[in-house]
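Shared between the two complexes below is chain A, which pairs with chain B and chain C, respectively.
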Partner chain A sequence: MNTLAQQILGGLTTGFIYALLALGFSLVYQSMRLINFAQGDLFMAGAFIGYLLAVKVHLPFLPVLVLTVTLCFFLGLAIERLTLAPRSRTASGVNLMIRTIGVSVFLQGSTLLLFGTEEYRFPDQLSGEPILFGGLVVSRSLVIVGTASLALMLVLWAFLKYTALGTAMRAASQDRTGAEMIGIDVPRTRSLAYALSAALAGAGGVLIGPLWYVHQSMGVMIGLKGFTAAVIGGMGSMPGAIVGGLCVGMIENLSTGYVSSTWKDAIVFGILLIMLSVRPDGIFRMRSAERA
Partner chain B sequence: MSSDIQAADRLRRAVPFAVLALLGAVPVVSSDPFLLRMAVLTVLASILLLGLNVVTGFAGQVSLCQAAFYGIGAYASGIMSVHWRIPMPLSIAGGAVVSAVFAFLLGASTLRLRSHYLALATIGFGEVMVNVFRSATSWTGGANGLSGIPTPAFSLAVYYWIVLATAAAAFWVANRILHSQVGLAIEAMREDELAAESVGVNTRQVKIVAFATSGFLAGLAGALYAHLDGFIGPESFSTEYSILLLCAAVVGGLASIAGSVLAALLLVLVQEYFRSFINCQVLLFGLTVIVIMMLVPGGASVLFARFLPRRRFSSFRAASDAVTCREPDSRSNGHGHLASAEPKMIVSGVSLNFGGVQALREVSFEAKEGKILCLVGPNGAGKTTMLNVMHGFLVPGKGGARIRENDRQTWRSLPGMPLYQVAKLGLRRVFQHNRVFKNLTCFENVLIGFHLNCRLRPTCLEVLLRPSIAAAKEQSARRETTLLLRDVGLWEMREEPATLLPFGAQRMLELARAAAARPDVLLLDEPSAGLAAAERTVLVELLRRFRKRGLTLVMVAHDLDLVREVADQVVVLSQAQKIFDGLSSELNQDRRVVEAFLGMGGLTDARS
Partner chain C sequence: MAAPLTGNGASFGISQRNAVQLAMAEINAGGGISGRQLQLLVEDTKTEPPVAVTAVNKLIYQDKVPVLIGSAASLDVPAYMEMLEKAHIPQILPVAVLPKITESHLKWTFRNALNDKIAAAKMAEFAYNTLGARKIALLIEDSAFGSTGLRFAERLKELGVEPLTVERFTRGQIDFGPQLLRIRSFGATHIQFWGYYADYAQVARKLKELNMKVQLMGNQAPVTNKTIELGGDAVEGAINICLFVPTSEDPAAKAFVQKYQTEYGEVPDTWAAESYDGMRILAQALQVAGAVDPFKIRDALAATKDFKGLTGTISFNKDGDAEFKETFVTKIEGGRFVPFKMAASH
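So, the complex of A and B:
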């Protein structure tokens, strides 16, 4: 029993990262009806930015996190303005999706150019004695990653719920034409959504940096898993993204612990396939089948 | 003019042969094994991309696991020859078939999924397969790859020619099918599933077959690849490669067969650059993709469209010989009295609830053959719901709707029946919100109406094996289409995509499409809403002509003038119940009808 609980706990750290990415996928999908294939690479960009700030500038953890999130926000903004916004009104969904693949390749390519394929070690700012909690060992990184991600999600939620801009964003995601008619600058809300999702991905990168090695292709698998989490939770649902992320993290850790790490990905994606064929709209079903 | 067009047509038809000849000459010109291997890879990639184009470009199902099918074909063929010593031609065919079976199963289990959910399911499938390739070590060799696969005994040049011939055959078949009316049905499904289904396209079948075909082609390419080097490793079949393939397919041009070839060329060039220069090439590739998508959203094949075989059904050839007017076929008893007409559809005791709201309560009526029945009533009375029940896709809580089959006296119950089968019974529907196939031309939009007509639409086999029959059928279908387009006044717009038409014209186009099917029953939902005066005149004329031909029409209408002009029978619904069923001339005298339309009491105090 205890080992099971311990296994589940072990998966939560990565689970929170998946949740951050899933939230980003969800946000962009809601606002732009777009699957952002660059999400994982923005995560990678965040990890590298964090690495540079921590190692070259010697900043402590919290400023690194805040600065990286801000920088990733602007990186996302620039990407949206330069690559997605031009001629987006007439572009099909697939067209925009391919553009994000282009962005993904571009980000990987530039990292390759700057850093090569080596793995980089983050300075260990987070480690310390694990905390004992009712017979369970809770690693310090889980506490920090969990707190930081939950805090970010809370800020995002408050922003969407209580600010005028957030409300405008939600309106624009429901009905573009309607929102434009009442004077909402929809292109701006789209840029904002993309930038916010980039910020979330960047935060994920900084938070996971100290636990993993930082390298050029680290975003690929993480991006797919984040997407999986978003769909399991139900695209467009905020609590769904969090639950989905944590689920994927837990399943992954459980299958590593009880089956074998070589089959880890097959199990995660296999469960996903089964779930999709049984419940095509995710756990938190957003819309019912539409006809006529 | 027409000779110019013919010359251009002939030129376009020569292009594929020229390309084939050019490719075939590669080993003659150079014997560099590196170049030859690149050539083989390019041709293999073109098969792979053709498969992807079938499922994503034509059928519109975003697939992100093409590399996995490539891998399944490669490993299946490799395992067959390494572990079981099956001779090469058989193992190659086996690889393709195994991959097709996997694709069939994936297609069948993801039928209900749309857009991003499907994209994810395919990613998931791909990841599972890569994991299997990497971890089922005893079969696949695991991360070290599977080696010792027999390579051909003959020279690389001969192998290249075999691969090229295989590809040419695949492209020939694909070109035949996809540019025929069968291909048109696939594209119609991509544009609007529900509308395609209601013209008689079995969309589930089309989707599964599209998946299986794409799996077959990918598996074939994979099997040929396995025997090229004698070695395969799991990293060649990753999801990243699938994503890259989709990227290439879109950049080359979706729903374009020639686009697959362009994309293959691009892909192999990029991949080789990837390998030889690990610096700014990757970065440039990303930029190129973005820029192409911004500037040429249709993909590279659009740039060469003038020189490529036409994708769209040209109506030019039909223009000259379509002058004779069609005979109105009078199988009808159109002029008889309402009471003496035979019932064609029977609605009996239909009750239906949406949650707590009762949309229909115990509604019964008969629609008589060759008559126009109008469903009238205030907003929210349940008219469209009634039509949905009669079309089969809403299943009422109680009661049912039945249609009498054409020649027999058997009655078929409609609710719950798949829409393409409803279409087979001769029942068609014109929707309230236009459901034209937006990116198909007007001509194609009407042509698709013949989908169930075996006289006017060739089957797959006929397209491939009996081209003269297929051509004759297509020619007749073109002629009919021409007439129909003239009828509704859209002949001038025939080559325009339907999405460019104004609202009223789209409605007319949909009417022409419905008429093309020569249905026995036509359901219409507010056909006159939003029409200009001239279009309304055409509509009334059309409705009368339909009746004259013996069609049974059931029409939801708000426009009471239209009802007075055309209706034989009027059924009034109010608050989910039927309150009137009779001749339109009696409508004004019915107290309950006046109440329902003018509010309680009406003009005179009808309550007293």
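So, the complex of A and C:
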């Protein structure tokens, strides 16, 4: 029983990271009707940016997190402006999707040139004794990753709900033509959505750094897991992305602990296939997302 | 010589080239072999098996070398080794540890590196005899490479102890919690790991986080400074099997480390020591053969007995694998690999 609880707890940490990525997938999907294949690579870019800030500039954890999220926001903005925005009105969905694949390959390739395939140690700025809670080991990483993820999610939610820009973004994602008629700058809301998703991915990269290590292809598998989480939760749904992420993390740990690590990925992606065929809208059905 | 000077295996290949050059310069300075100077031709395999085939082809048929020092990259070797059998060119392999190479009943390949399977058996003997470990769990990578670690379980059973559990993981796994919690539930006091250095460091960090007081033991691959960089203080006290550590007190080892450092400005790793030994075993065989004749060189290599090298006392068995009299085990102490020496196991 203790082991079971510990396994579930362990899955939550990676689950929060998947949730951050899933949120990014959902945000871009909702605003742009686009699956962003570069999501995992933006996560990797965030991890490397965080690594450089922590190791070369010697910043403590919180500034590293805030700065990385900001830098990734602008990186996302630049990527959207340079690669996705041009001729986006007449481009097909497939065309845009292929552009994101291009971005993904570009990010991986440039990281390979700069850092090679080696693993780098992210400084353990927050390590400390784990907290014991009735026989359970609650690692500091879980507390930090969980708090930071929830805080970011809260900020995002408040932004979408209570600011004019956030409202404009939601309006544009529900009805592009209608939004344009009332004077909303839709290309701008699209850029904003992409930049926000890049910021979320970057946060994921910084948060996982101290638990793992940083390397060039780290975003590939995690990106796919984030995508799975978004689909399980319901592409386009914010609460769905969070629940989906935590579910994927726990399923992964439980299948490793009770079945075998060989089957871990097969089980997660098997669930993805089942969800796609049985309940393609995910646990949280999208309300108005597909009406545009 | 064929060596992976670029690509993934570059760190091995560069150690190999440096050490072979060092050994050859010493031999030539001492008058060469029967008055003849040795000459080294180096081809880069780029850590890509097809390139290795081309490189070895060129060395054999264009440059007409009588003997080859084989690639440090384990996966390069199966690609070209059959070619040597046909061409009747002997090869000495100083770094590649892949068991499959010597399981192919080759007549022209001799390996003075430690076959990973032999390493697994030796590690089991070490755990059983020296550490007195009885409650051991295995944690191995889910791949052909990791499965070599199963030889550890086999040898342990022969000694009369059943491993408590065999847990598998995928390379690059983030959270080792699931496997380690299972291992904890079996009450293991020792964990034998078989896999890649980055995962080894992750395991050590997770053990520390879970506050599990067990002895971590590992294969040869994690014996690199990267393990210490990634694992930090969590890898302190971890034990690995390894042929050579530069902190060795042995006078020959000390002299080698000093010469290597003067020449190349860095501390030699185990791969460098193995390559240095490989070159010297080859020189001894050339001396014995007395002629530049691949058949005679092969026979002389096969007859190598109790060669005293930096990495131990080496004889070749019928598969062409080096049998070492000693087992070197290294321990991480104060952020360095230091010798954890034990007596001969038989």
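We adopt the following convention: the second predicted complex is superposed on the first by the 286 of 292 C-alpha atoms of A that agree within 3 Å, B and C clash if a C-alpha of one lies under 4 Å from a C-alpha of the other, contacts with A are read in each partner's own complex, and residues count from 1 in each chain.
Quick note on the criterion: a contact is a pair of C-beta atoms (placed from the backbone, for glycine too) under 8 Å apart; a residue touches a chain by one contact, two chains touch by 3 or more.
Here the structure is a predicted model, which is why all the values come from computation and not from measurement.
Using the contact criterion defined above for the overlaid structures, shared-chain residue A:265 touches chain B and also reaches chain C. Once the two complexes are laid over each other on the shared chain, residue contacts for A:124 go to chain C alone; chain B is not touched. Contacts of A:180 after superposition on the shared chain: neither chain B nor chain C is touched.
In the superposed model, B is the one of chain B and chain C that contacts more residues of chain A.
Once both structures are placed on chain A, chain A residues 117, 262, 265 are touched by chain B and, in the other complex, by chain C. Contact residues on chain B toward chain A in their complex (touch as defined above): 62, 109-110, 112-117, 119-121, 123-125, 127-128, 130-132, 134-135, 194, 239-240, 243, 246-247, 250-251, 254, 278-290, 293-294, 297, 388, 393, 431. Of all the residues in chain A, the ones that touch chain B in their complex are 29, 35, 37, 83, 86-87, 90-96, 98-99, 101-110, 112-113, 117, 220, 224, 227-228, 231, 235, 262-263, 265-266, 268-270, 272-273, 276-277, 280-281, 291-292. On the side of chain C, the complex with chain A involves touching residues 8, 142, 167-170, 172-175, 177-179, 181-182, 184-185, 198, 201-202, 209-211, 226, 229-230, 232.
Taken in their complex, chain A has these residues touching chain C: 3, 6-7, 10-11, 13-14, 117-119, 121, 124, 130, 137, 139, 141, 208, 211-213, 215, 218, 221, 253-254, 256-257, 260-262, 264-265.
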